[in-house]
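Labels run A, B, C, D and E following the written order; every chain starts at residue 1.
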């Protein structure tokens, strides 16, 4: 019984596409590259049948189906198995959404699984159809590389968007930080953390794969994998740089709030310390004692103003000396 | 003299259960899997007898009996010894309670020890009885894996509960942090720390075991162990992610309190600096000097109000320019 | 000339104790275990003679005599040399006091040196005398293990006491932190740091010793050393856990002080902003202008109270809206 | 068709310069050192032709052209490929500007690529022309070293300028920190971070190259590479030192602001707590109760002043005892 | 032409000193230890001649002359080259001053270079002259060790002085922290950082040297080098301990300032909230409304005092309940 996933069979001379995986798919055409792209995880039964057809261990099938599973790679002598995370940056909620992707490379077949069927590999399918670049000249290992490369390129886009947000935040922190800045720093830091958690293990896995002695990946394709590895190093570096920048920002932000609080305090202190003694003075001459001699002095009221001006002057001098303004 | 712990002997064809370990338990039925589950640590004498029966070193017996002993593994050529911690999350006290578990695998026998007899391995016992999954087809090494897997699966549950609490705390921090938030962040951080201390060494141990050349674990079961290892990597990753999120939260919380203090200060400062000079002015014209010319001016009182309004206006302009409101 | 340190010669059949080390001590009885316990470092000359007798390098002698020397191990083909720190926790000053201990194992002889002669090895001496446990059945390497084990067991006691103090501090932090809490956190953190500095290198040393190919430690005793190693791993883990808890506490403490400052500010702000305008109002009607129409209104005074109540009400509404109480 | 980049061919006896790369450039004169310096990345077609001429893999060409590519090295048996970052410190904006540089060493040819054509290698070109130092006596590997050394020397200049800025900031922090100090600390920290990201991988690459068994770099030139490696270690060390100093500064700054806020608070508190009770007292005797006996005492007014002085004295004593001034 | 640096030639039988290095110095007396101590770096020409005489690579000469060069070691089959930093602690400025030192060991010759000619190696020279200790019995490798040991011993002195300063600071922090404490913590932290930067690489270098298979250092001298290595481990440990203590202090200091600010706030709040309502009350009865019935009550004034006392009492109860005093 055929399995309802689109299948492509190609070599450098030709390409053959079918809407479903035929029963003899895995046994026929061994010298050609065969690619099945299971668009979504909804047809669990079909996926299990497919996995059985190519002969994958049951634990791998669980990994393919469990969207909770994080980035991992299993490398056997004749089989390569990837769980990857396709990421999508949502600029509105400042959050990174992830999509579960599985890739199996075995016996010249590549099977790819996507979580939500958003057809993230369309670019590769078009390249295969139109024989763009090297893809038709190489074998299934190159196809596998092309799929991984698609996902990694996508990480670059996210990094750039998070980088732009970081630059905006930096400008805000330096010029006019407010409370929403704090929230956004928090969110971007969290997303960078998730991103790093996805990319870091992949870097290690691709690195070890390009250096491994496994025969699943040919010598020529390894050079391309090393290029992907370089990209992943660069992405991890960028993520860490942005993380450091954001930590630096948060420290600076905290210091700048403390600075502001101190400034607020200074204004209050200057006003209070100038007027409180003056108000006391005014209070004294508002008292109803029978005999307050100053009240009956000729220039009493003027003297009061004189004393007030002197007190104010002294206060201002005092704060000036303390370099408060 | 038989030892009073329930014992199970099984192979793929049949199963035999006894309420106590017979004297010839360890010598008979070498081709079958034998499992003794010492429900609790209360019968110390029985445990010592059991350990002597299977021939475990005295230091291991101490480790089994000492609930203070942390996660460890001893791997010999013919014997595998685990000390594990079964964890239970108490959502009310926000604390993780741990239970001491010991597992010994030797000569086709598995002996498991639990601290409090809550029968955490009932799921495995049922699987054995009802021949669910692969358990009856494999040997004692698979049984040992199944016991460890039960404990590791349990860690996932705890991680999920702590994750939910973390998400709630995040929402609180962003929207309306209060003092209880701080306490709860503290508690969740502490519990994650304990969890990490339990899981991290286990990850290393299972990793080294699945790569080791020891013959205690068969080649086929190693694939399952590697799966457990993957799970442990994922758990440690999650724990570290939540720890980073909580640290990030605490920093943000501290900044947001400082922000609030500054806001409180601003309100106080605005009110004080507006009214203090006005009160001083009112104080002046409450003085009893003989000759205060303003008091007898025709529109003196109106003038006073005029001046007050002007002062207030200047203050409001000043604070507006400083972007305080 | 005999050296005045008590010496014990024993094997599994018998034991012979002398008050001083005889001249032929190191040459006679090669098949027995010989143990000299130099109680204190006061008799420097005796120690030098003893070291010369057994043939220790001059640099080791310096390490034995220098109490400044930190934990170290020298492992040669025929000789094992330890410098250890016996620790004692002083609950009153919250400080850990250390005592310098040296242990030499060579040619079936064990020589132990203590700083202050508090006889920390009495438990081992009694075990030898009364042939408790395995000590008389094993050789000098087991004796050496027993001495080290005594010291490591002692670390457990200290960890427990520091742990108790930490738990007390945690309760204080959560319920009613005050200034002495801060001081005590500081002290406990410092002592944990010192403890870690003593234990961490020892863990590495015992670990490498139990894995080394040196013949000084027999195969059977290595199992015991591995047990000590496990204990040291556990101690370091506990120390690090407590350190993390205390850091966590300090962060929480800082946040909770900021919270308190904000609360204090709020009380001040509420009171000030309510009463300052009222006082201004009262000040106005205390002025002596010739014509203040309100003063002569029939219900002037009642009106004044009415306005005051309205102002107060508005303020309370304002602060209620801001969720200040 | 010749490619329009200046080319130099030299050995220890002579030098030959051409304005363009002739068609037989890569095939002729194998025993001489040949250097093509592609001044800028604007002539992409020329660069592709040049790369094809010497036979570089297409992925390397992408790395040369992509200014986003970070520091990397590819080391093959017959080919050495570097991507480096030339840095320039802009003292006005406190920012480090980077320029993309590519260097290829293959078959006795060196090809260098610069991003903006600022001729950063002029010093090396002059040394070659005028046979300064050892450059004409050694082969293409030494030329390659000379180019890298030029870039690394340049890092030293930047480190020195950032170090000077750090010293200035330190002086400010200790003596009179203000808000611009905070901003500048932020910027210098960020630039040091970028610098470290450029230098750190280079240090690793040069280190591995000087230890590698690749034949591209001769034994004699390796000593020079080790010297560059030493310089890079020193640069990374300096960067890390300055980073630590700046972190230390920021902590100190935050503490010193808190100190200042406390001082501001103290002034306010002293003034308020002295005058508030006095003002209350004055208020009392300004009341219009029918019978306030004190108002009619003979020395009532003097007594009032006496009480005021006593209250003030007590307050001053109180604050003196609290060591506030 | 002789080079003007004092030279010493010695073996265990005799010693021969000359004021200048003779032309045949490096060729004659191969079986003796020869030591040239270039007192300062001022005679650059002499140093270059000396280096040429013994046959050192030009890059090493640059390292000797460049005081910017940090701690390093080059270890060849026949030559050992050190750049070290002699440190001097200036207790007044709380800063560590460094002096550049170079040591070359080749063919039984030791050449030492100092930056400022303060004769830091006089102790070693006297030991050689007076045949103290083992120095005359061993070869040039022991002399080299003796020079390094002199410098490392010196580090101990500095560590002790910084440790004393740290202890003083700790006492201040606990009892009466003020602003100069903060500055001094900053300075001591910075100096510890510099010290660590000098000592840490040396530790690695001496460690690798004592384990290396190079024949430059004899088997017997290696034991001494291992002792130096132990000392360096101890120094690095101490430095890290003090750094941790100082970080701990700074955290505690920040918390204690926050505590103080809160205390200051409390005093202000208590005073203000008690007196502000009272002042308002006094203001009311100072108003000139025609009809304020309370003013004409018989015990009006007493009642006023009664109300005031009640208000004050309530306030005090309120603050007492809040545990403010």
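We adopt the following convention: a contact is a pair of C-beta atoms (placed from the backbone, for glycine too) under 8 Å apart; a residue touches a chain by one contact, two chains touch by 3 or more.
Small disclaimer: the values here were computed from a predicted structure and weren't measured.
Enquirer: Looking at the contacts, which chains touch chain B and chain E alike?
Expert: Common neighbours, chain B/chain E: C.
Enquirer: Between chain A and chain E, what's the gap in Å when you average each chain's C-alpha atoms?
Expert: Once rounded, the distance between the two centres reads 40 Å.
Enquirer: Compute the distance, rounded to whole Å, between the mean C-alpha positions of chain A and chain D.
Expert: The answer is 25 Å.
Enquirer: On chain E, where are the residues touching two or more other chains?
Expert: Touching at least two other chains: 254, 258, 261, 265, 268, 272, 276, 279, 283, 286-288, 292.
Enquirer: Which label fits the chain touch graph of this model best, line, ring, star, complete or other?
Expert: Graph shape, chains as nodes and touching pairs as edges: a ring.
Enquirer: Starting from chain B and stepping next to chain C, give every chain of the ring in the order they occur.
Expert: From chain B, continuing first to chain C, the chains appear as B, C, E, D, A.
Enquirer: Any idea which chain B residues touch chain C in the complex?
Expert: Counting only chain B, the residues touching chain C are 57, 59, 63, 68-70, 72, 176, 179, 182-183, 185-186, 189-190, 193-194, 197, 250, 253-254, 257-258, 260-261, 264-265, 267-268, 271-272, 275-276, 278-279, 282-283, 285-288, 292, 294-296, 298, 300-301, 304.
Enquirer: Given the complex with chain A, which residues does chain B contribute to the contact?
Expert: Against chain A, the touching part of chain B is residues 173-174, 223-224, 226-227, 230, 233-234, 237, 241, 244-245, 248-249, 251-252, 254-256, 258-259, 261-262, 265-266, 268-269, 272-273, 276-277, 279-280, 283-284, 286-293, 323.
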